[in-house]
Amino acid sequence: MKKLNIGVVGYGFMGRTHSNAFRQAPRFFDLPYEPVLKTICARNAERAQAFASKWGYESYETDWRRLVDSKDIDVIDIASPNDTHAEVAIAAAQAGKMVMCEKPLGRNPAESEAMVKAVEDAGVANMVWYNYRRVPAVTLAKQLIDEGRLGRIFHYRTVFLQDWTISADLPQGGEGLWRLDASVSGSGVTGDLLAHNIDTAMWLNGQIGEVTAMTETFIKTRKHSLTGEETPVHIDDASLFLARFDNGSLATFEATRYARGHKALYTFEINGEKASIKWDLHDLHRLEYFDHRDEGKLRGWKDIHITDSDHPYMKNWWVPGLQIGYEHTFTHQVADFLAGLGAGTNASPTFREALKTDYVTDAVLRSAKSRQWETPKTV
Amino acid sequence: MKKLNIGVVGYGFMGRTHSNAFRQAPRFFDLPYEPVLKTICARNAERAQAFASKWGYESYETDWRRLVDSKDIDVIDIASPNDTHAEVAIAAAQAGKMVMCEKPLGRNPAESEAMVKAVEDAGVANMVWYNYRRVPAVTLAKQLIDEGRLGRIFHYRTVFLQDWTISADLPQGGEGLWRLDASVSGSGVTGDLLAHNIDTAMWLNGQIGEVTAMTETFIKTRKHSLTGEETPVHIDDASLFLARFDNGSLATFEATRYARGHKALYTFEINGEKASIKWDLHDLHRLEYFDHRDEGKLRGWKDIHITDSDHPYMKNWWVPGLQIGYEHTFTHQVADFLAGLGAGTNASPTFREALKTDYVTDAVLRSAKSRQWETPKTV
Amino acid sequence: MKKLNIGVVGYGFMGRTHSNAFRQAPRFFDLPYEPVLKTICARNAERAQAFASKWGYESYETDWRRLVDSKDIDVIDIASPNDTHAEVAIAAAQAGKMVMCEKPLGRNPAESEAMVKAVEDAGVANMVWYNYRRVPAVTLAKQLIDEGRLGRIFHYRTVFLQDWTISADLPQGGEGLWRLDASVSGSGVTGDLLAHNIDTAMWLNGQIGEVTAMTETFIKTRKHSLTGEETPVHIDDASLFLARFDNGSLATFEATRYARGHKALYTFEINGEKASIKWDLHDLHRLEYFDHRDEGKLRGWKDIHITDSDHPYMKNWWVPGLQIGYEHTFTHQVADFLAGLGAGTNASPTFREALKTDYVTDAVLRSAKSRQWETPKTV
Amino acid sequence: MKKLNIGVVGYGFMGRTHSNAFRQAPRFFDLPYEPVLKTICARNAERAQAFASKWGYESYETDWRRLVDSKDIDVIDIASPNDTHAEVAIAAAQAGKMVMCEKPLGRNPAESEAMVKAVEDAGVANMVWYNYRRVPAVTLAKQLIDEGRLGRIFHYRTVFLQDWTISADLPQGGEGLWRLDASVSGSGVTGDLLAHNIDTAMWLNGQIGEVTAMTETFIKTRKHSLTGEETPVHIDDASLFLARFDNGSLATFEATRYARGHKALYTFEINGEKASIKWDLHDLHRLEYFDHRDEGKLRGWKDIHITDSDHPYMKNWWVPGLQIGYEHTFTHQVADFLAGLGAGTNASPTFREALKTDYVTDAVLRSAKSRQWETPKTV
């Protein structure tokens, strides 16, 4: 098995999920490449070293340019805050590295477009971590739709509900809190949460044609964790929009960090002429399926426990009835990326595919300001 | 439509459910008879009068013998405590009245046998209020089993869980509390709750061949509400048994009034070679169904909302999606009784069928004492 | 108990729910008035007679003006299609009758305003059948909100999902299908379904300040059941909108008859700073409640089985654990109307309160056309 | 961090879960030891080699005695079929190795007792893989009970339901099917599944005092996969028992591989005077909790999503809302074993604690034969 040397930028939450995925994928999947955790990069040397030791990285760096310049690195994986994505990705691509990048691509369409151009000009393999596509239940949903089982689609509804920023005492910015600082994150829940909803939605149901949106910032000022000063909050705390897909179906999208009682409740439901599908992240190992072709008196929503060997990815794990968890979605993405590499195909979503999502989040933010229906730019 | 004059004995909880059922059945079902609420009978004259006024009875009595002797009464319906069942039923049958009786039949097999003999000697229509058979979901379960959809049955498991007697301060005996007084009730949860489980189980899955049981009285003495004295409690607070049905399937049965968090959680689950069924009283308008013949990757428990016109009894109520409740099971039983009367057939369960259940509860109580497997007497 | 003579116009689905409610309310509630089913009115004499016989009406009529003119009628209850509401209600009020009316009030604000004026000019008791307020779980939600348990409200989301019109073969218009004929109904799901969502929402969460909406007619032409001709469909099959309440909370509303797998799935969820609430009509006897003040490691959504005597309306029904159903909401409304009559207060919602809902549905329909945010007129 | 050299015997399903746990534990927990995957042992050399390569073992062997004899091995971990447990464990202990062993300990009490004696005579660290204790929700249940939150316990009910052996075509014995061969496994579901139920139950609720049981073998003969001959099946396909705990609570236990629709549905429910708890393996990241001390009208079962940092083990994984899966229970057990080693304490359950479970399964099998109540031997 060929070795593939990985350099990871960022050691936060996503640094951990990615590191774990690189370690786990070859244990459970037969792959053409063995990823090697070569170098971790983060600004704080002490913590970078500890992280390297914990996860078995061969070395650590505090300047990402060292990874880009290194001949020992095949893949640059970007797991750092959003304001670093464009710069690192573009430099990595120009250095001929494959690039994997956390979502969203850039903080705005201009950054994202430059990133797409860079990887395509360089002709390097690239992928964005929209990990929820690789929840087995979500992949199964995709299969069912592609097999035509739902028929014509009428409705799509999806939410991403959290409640972790309700307290007015929570500061903005800094370690672990950069998602509340618009200059780093680009936007609030629109880029952080809705981007997931949109990526999945367009993967399952095609292009979104137009949107009308509203956003809100419930807490107007917060202390900044670095300066200690009370400053205006620029992110959107909540973002909601109505949409019409190109296939004629109607949709509601909503994301918020002010939905008391929900930690990470990402859900979607799709209603087709013949069948409907529901899924939620809080029980990610289940898929709800209603098939109108069932015998009348026995029609109902079927609760499918996605742990069988004929469910996507699941024959590689345990035995029926035994669920996997959140982290496995990243493992699947690594497995698919490496398999694609072996087959000479790009694992989805590529930077270009992810750009489509950024165009929709941009239209959402524009609509919230213009109070008009807006049309997302298309790729 | 012919009138059928009803005399009801007892104005407690069951007096209300029966009265309501007699009033409602002809509004929702096309029936050959119109029940007329002729006379209510209860010991307390003032309350009997108030009850008569509330429910539209033409008259009230304080001595049930007046109903038995009356030429104006066609049906005697017994909704009074268990210690009155045998005497009233036998007298009513001997007077040529049709007899409807709350469950269980008698306090013990001897009483029950005498009651069966009386109605059969008199040749009068008779029925016992095992109302849960007429939950539409339960009736549908019966249909599915009779159609052979489950195949060979391997397992039956059922519980009836309540928590209303956990407080040691609750007195025994007297108004509303006679269920805690063994001299009135015959037994505790075995006759009160398990009798329902057993009736449904044998209706769905055939004769129970043998049982091994355990019972417990958690609170050993209670104040008697009439005397004020602290006296030993003679009822069983909990009753559990294992059983083997004649068809070879194995079962667990459990009833208790000490299951904190459950008000009236009557549930059953049946596992067959080809399919399985689950139901519970706290959501009585739903039936869970698993069919192994479904396509492999789409197998799961189907949650059927039993509110469609092709579900048992439901075309007579509202429109799909709109649930009915507990009281409707009694209305269905009246409708079936009256329809049976018109057709010259007995509505199930008759006294004789109910006797089978009393034989099983008797075997359960015997086994709990003997600590041996016991075989229920058969009818 | 004083008699109150009721004349009901319309013998369809709502004619049955109202008739049942008038019969049942005094059986379960102590009320100052006993409603008497005096006269049923419907165009078809034969069926009116049959309905009268079934439900125990003393007489029937085929012209509603006879009810309005009758001295024997105290209350005119309108359960006929929407195009009759205004005319009947106004005439009834002018004749000094109390008026109860099915929702929505009129087919458009002009009709509704005229109806409000008529009952207020006449000074007669009046009420609109927004029955879902009287689901015990919904009433409990109202109590919890009014007690301040949720704190500041951030989000409201609600849907009403059905699937009964998906087939293109379903005709429009005529008996049982007038809801598909815009000339009779006024609108499609906006007035039929969303009106319920809006009434409840404003009752619970206050005035809706502005909306942006989209509607769709998925099946563009249908055979008309009366003429047999294929004609354009003018109703909205689906209606979605975003809203901002006056209290600053954000909302999504959606109603459709094209959500495969849902029969009458009316749901709402409210997220407050301290607590959240969820409810759905398919299990109307349950309320979901999350309280952030609970001990951290034991926080979770609580599934409350609304069958206890300390739950709204429930002490009048059975015992804990035994659920009621859909029809009971109408019974509660009659009980509250009669209690209000005795106390000299109007039961909510009055015509004037219902007008507020009509103003919002109007704004929704306007926004769907203008593709702009629209502000509902306020009462 | 000190290295701890692991030799694993067996590369089947459990060989994989253990190998993964040894690799993962130090990535997520701060531990005093780093486990080194030294040697894998299995009979088939080619497959042992492949397994070693997949999981990163330094070497492989085909004779477990080589591991016992090796100076490089600190811990012998037994993940091979039940008929090997006693021989390997005793030899390993006598060689001074720490011993970890899959459950159940031996095929019968005699084997188990010898194993306990061996590790205790040798004074070596020892542990049995009753992994379900380390489901965070189950550990939380233990904490709640130990804190006295449930009060006096009245009831315990637990099942382990599977459906993978219903087909009569499934052979017995051989690779992957040794669980159907009583000479290898010792018993059927009693040792395979009920042992888990019993271990958890006695951990949570104390010693089981007496049992009455029934077992059944539904398919009487099966082809043996090694000989091809149709031979009698000696294992129990289903095993049910009633029990009385020493604390006076009553219990039902049931395990079967003939419950159509259930893959690995291990559930338990505990009813105490003040509170109740429910858990099931199909949604292992949830715990249901009912607390009677809650305000009356808001009482209900709380659905706790066990993904918060104040839930057992969970601060070491991801962020709230993101679930873990089955394999993590083994990782937790390795973490606890290594932490215990560092602290000089034994991680539970030791061989001696596991022997208690074997005594109960023995009493269950004896009772099924004797048709009497039987008393488990105590440790």
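Structural remarks
Per-chain numbering from 1; labels A, B, C and D assigned in written order.
We adopt the following convention: a residue touches a chain if its C-beta (ideal position, glycine included) is under 8 Å from a C-beta of that chain, and two chains touch if they have at least 3 such contacts.
Quantities reported herein were computed from a predicted structural model and do not represent experimental measurements.
Put simply, the chain farthest from subunit D by mean CA position is C. Set against one another, A-D and A-C show the most C-beta pairs in contact at A-C. Our note on geometry: subunit A versus subunit D, Cα centroid distance of 36 Å, whole angstroms.
Spacing of subunit C relative to subunit D, judged by their CA centroids, is 55 angstrom.
Between the CA-based centres of subunit A and subunit C the separation comes to 42 Å, rounded to the whole angstrom.
In subunit A, the residues that reach two or more other chains under the touch definition are 262, 299, 301, 305, 308. Chain contact summary for the complex, subunit B toward subunit D: residues 154-155, 157, 159, 161, 163, 166, 212-214, 216, 218, 238, 240-242, 244, 248, 250, 252, 254, 256, 258-262, 271-276, 290, 292, 299, 301, 371-373. In the complex of the two chains, the subunit A residues touching subunit D come out as 13, 16-17, 20, 23, 26-27, 54-55, 162, 164, 262-265, 281-285, 305, 307-308, 317-328. Contact residues on subunit C toward subunit D in their complex (touch as defined above): 140, 289, 291, 294, 296-305, 308, 310-311.
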